[in-house]
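Right after this note come the structures.
Same chain, two partners: chain A is paired with chain B first, then with chain C.
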Partner chain A sequence: MAIIETANLTYTYPGSTRSSLQDVTIEIKKGEFVVLTGPSGCGKTTLCRCFNGLVPHFYGGELQGDVTVTGLNVTQQAICDLAQHVGLVFQSPENQLFALSVEKDVAFGLENLGIPRDEIQKRVDWALRMTGITNIRERAPHELSGGQQQRVAIACVLAMQPDVMILDEPTSFLDPVGAQKIFDVISRLNKDLGITTILVEHRLDLAGKFANHVIVMDEGKVMLDGEPRGIFTSEDARLIGVGIPKATRLYQVLREKGVSLKRIPMNPEEAARSLREVLTLD
Partner chain B sequence: MSVFEGFKFRRVYSPIHQLDPRVKFFYVLAIFVIAIMFNQLLPLILLFLIQLPFVFIAGVQREWIRSLRGALLFATMIFVFNFVFTYFWTEYPLLPSPSLLEHSIAMTLRFIVLVESFSVFFLTTSPDHLGLALEQSHVPYEFCFAFTTAVRFVPVLAEEAQTIMDAQKARGLELERGNFIKKVKNYIPVLIPLIVSAIRRSLELAEAMESRAWGATKKRTNLYVLRMKRGDYVLILISATILILAAYFWIFYREQIPLLSSLLIPLRLAAA
Partner chain C sequence: MIEARNIHFTYPNGVEALSGVSVEVKTGEFMAIMGQNGAGKTTLVKHINGLLKPTKGEVLVNGTSTKKVSVAKLSREVGFVFQNPDHQLFCETVEEEVAFALRNFNFSKQLIKKRVTWALNLLSLTQYRQTSPFMLSGGERKRVALASVLAWNPDIVILDEPTIGQDHQQKEKLRQFIVQLNTQGKTVIIVTHDVEFVAECNPRVALMVQGKILADGPANKILTNRDLVAQASIVPPQISQIFFELSDQDLPQDIINVYDARDVIIKRLEAST
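For the complex of A and B:
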């Protein structure tokens, strides 16, 4: 069942002469883990904004085509109504936290919805637990590390119990270890709670293995859309400049040299297993 | 570090910190009104002393002394002006006498008492609580939100200003050179990037707020509520008692409040 659908979506920011999205038609199914990637400026953030109504309601501009999210037509819904179904985590963790304590920040969305206080308390506790930050609930945002801030941002969105969670380069300010931890949190939410997840990411080495659907964009268009192993090994992906996982790249190089592995590896563990198979065959 | 150290509210848990900000504000107002009612030294000294227990129970002595030190320059000015102007400009000039000295000291102390009470209030009230108190006093939520968000971003902007200053210095900008006008001009290359980035930041902030259902309903709920506890009622009682006593003395004995110097002189005579 499709939870997000776009049909011939074309969008131009106000005052801009070029369309940032051109004829985008995609379908995302319930429970999927989608990795959205592509070179800088290709329109990934813009597409995410279409999913929760920031485009066109917040930004204005000209939108053609259809966007449907959880059965709602985005152009006809207010952002605050869409916010209950779609959570958006932004790139910079600092600018999406505005309260003076973690707890209060996580409660912000629920307060806006007018949910009763004991219910808010329950959901805040739950969101903090799911993201593993219960121990810092009373801290102020400026007392937190970047990774902690980003987890708070995820908890803020999670507390609203969205059907879809969109994360726009959530780890670009983090080191690889911090990034790994964030990805683990996201992946767990996707697996355990079945939240449909859309992750915008360049570093596919870390994120690629979680994906079961990859969308590659370039210059406002969707270039590749499908199953990750197929896309990572395609020549097009490499030409567009997608940061293919190194394990998958190794597979390609070996194939060019005449060594073919049985399966396409997505991470070092899989690569090691496939290599061992080949080696014992010889 | 030092630039924004002072902006960070230190989270401490003392009985004073736990009090309802509205009640604390009532207390500050009471002190304020009394300080304005009397211009004699004796009641003002009492007023100064009454507040000391609050400072010590809250455990904010160090910060409190720092804020008083900050008021020192202004206090000195008030003292000098009072001394000089009362001497020259009144129709029946008071001679430089113990009573003139006492009057000037009293005016200075009045200022210090005001600073003292406000600093106790702000040192022991978390901005979070203050925002909540505003909200529960029916101030529109937009204002309360603007207030807490401003407090939230002060350390961020201070840090950013420091970064920009360092960056511009690395490019050869000299901030401390020239006369006053020149110095102010020197800060333009710091201010402009700071303003631009603050605007960009505010746009991102607005986007994040929208994405979290800002304005979904008129009837917002709140994770925290302020509830009056026993301590709050005690403080109301204390404030009201002080206020009533002060009013009583002001109505009936205003003219009879002795000068401190007149009390001291007989003592000295007795000693001699």
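For the complex of A and C:
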């Protein structure tokens, strides 16, 4: 079942002469883990803003075509209604944190929905635990490091337990182990709670293995849309400038030199396995 | 040349971010500082342009202690691009933004025009000349911040997380540009979590943990050392992970680059036939 659908979606920001989205038609099914990628400035963030109504309600501009999210027509719903179904973690965490303590920031969305105090307490504790920031619950978000702020922003959205969670480069300030932990958390929420997840990411070496659906955009258009293995090895993806995982890239450069591995590897373990076959052949 | 001599730094809130760092970066070197969030990487590089002064110890930039010169003066030599571009962008157009520092340094009108055009072209921003930086995407804003510093051609360039929000092609351009800066004798220091970018550049790498330098050496030695990498909260490059899995196959363990990996494997296959 489709949870997000767009049909011929075209959008232009106010004052801009060029459309940021051009004729975008996609379908995202309930429970999918989607990685949305493409060169910087290609329209990834703008598309995400259509999913929670920030486009067009907050940004204005001109929107043509249809966007439906959890059965709601985005152009006809208020942002606050959409917010109960769709959570967005912004690219820059500073843009969404404002309270004087981490705990208050995480509780804010729930308070606005009028959820009972006990339940808020429970969900805040849970969200802080899931993102590993229980120890900084009393600290002021603006005093934290970029990486810690990103965890707080994710906790804020998690606490809302949305149907769809959109994360716009949520780990860009985090060290690789920290990023891996966040991706593991996101993947677990996707699997265990069935939250449909849309991850905007350039670092496919870290994020690629979690995806079961990849969308590649360029200049406001959807260029590639499908399952990851096919997309990572397509010549098109490389030409658009998608940073395919190095394990997959090794497969490609070996093939150019006439060495074929049996399977297209998506991660180092798979690459090592295929290479072992070739190396121990003789 | 940059010399940090046993520097300590404590923030006003009492957090000791640097606890005894000594490091020497020679003119024309390319160094990447890596490590866990909160390890003190950004704090360390902020000492190089004098934004922070050590609580104990001293930092010498080309022989002069940073305690003796103003940030304004130092910045002519040391260009610094912040982690978050929104912390340094404020002008109404991209062009204005890039020209701002040049005006402050009293460059001639003609030279300003030339440098701005050069920097915008270098970072593929020419089409946004008259656009407000705040209308641009996150990755594009990062490039405006880069352009605004590179425009005045400082001898030492410090880039805090330069690859954030950049796609593969932009990263490749950045890599080539850093190589070019190096050949011109400029010193480049980057702070980064992007192991795959470092694996492609193979610079000198300093790993930081809890306000100290844990290890310092060539990328292909440091990033393939499983113990060090784990202590610094880094994931080894994918190529290194592949070769580690195949360590029983008697392959070299200091490979981090795709093309080196390909060559080693092909050589091995040719030898066995």
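Assume the second predicted complex is superposed on the first by the 277 of 282 C-alpha atoms of A that agree within 3 Å, B and C clash if a C-alpha of one lies under 4 Å from a C-alpha of the other, contacts with A are read in each partner's own complex, and residues count from 1 in each chain.
Just so we're on the same page, a residue touches a chain if its C-beta (ideal position, glycine included) is under 8 Å from a C-beta of that chain, and two chains touch if they have at least 3 such contacts.
Since we're looking at a predicted model, the values are computed, not measured.
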| item | value |
| --- | --- |
| Contacts of A:His202 with chain B and chain C, given as first, second, both or neither | second |
| First (chain B), second (chain C), both or neither touched by A:Gly146 | second |
| Which of chain B and chain C A:Pro39 touches, first, second, both or neither | second |
| Partner chain in contact with A:Val216 - chain B first, chain C second, else both or neither | neither |
| Chain C versus chain B, contacts on chain A by residue | C |
| Which of chain B and chain C A:Ser92 touches, first, second, both or neither | both |
| Partner chain in contact with A:Val102 - chain B first, chain C second, else both or neither | neither |
| Partner chain in contact with A:Leu54 - chain B first, chain C second, else both or neither | first |
| Interface residues of chain A shared between complexes with chain B and chain C | 92, 94 |
| Chain C - residues contacting chain A, complex | 13, 35-38, 83-84, 86, 135-140, 143, 161, 164-171, 193-196, 199, 232-235, 237-239, 241-242, 245-246, 249, 258-259, 261-262, 265-266, 268-269, 272-273 |
| Contact footprint of chain A on chain B as seen in their complex | 8, 11, 126-128, 131, 145, 148-149, 151-153, 155-156, 201, 204-217, 219-225 |
| Chain B contact footprint on chain A (complex, rising order) | 52, 54, 57-58, 79-81, 83-84, 87-88, 90, 92, 94-101, 103-104, 107-117, 120-121, 124, 138, 140-142, 156-157, 160 |
| Complex contact set, residues of chain A against chain C | 13, 15-16, 38-41, 45, 91-92, 94, 143, 145-148, 169, 172-180, 202-203, 205-206, 241-247, 249-250, 253-254, 257, 259, 267-269, 271-273, 275-276, 278-280, 282 |
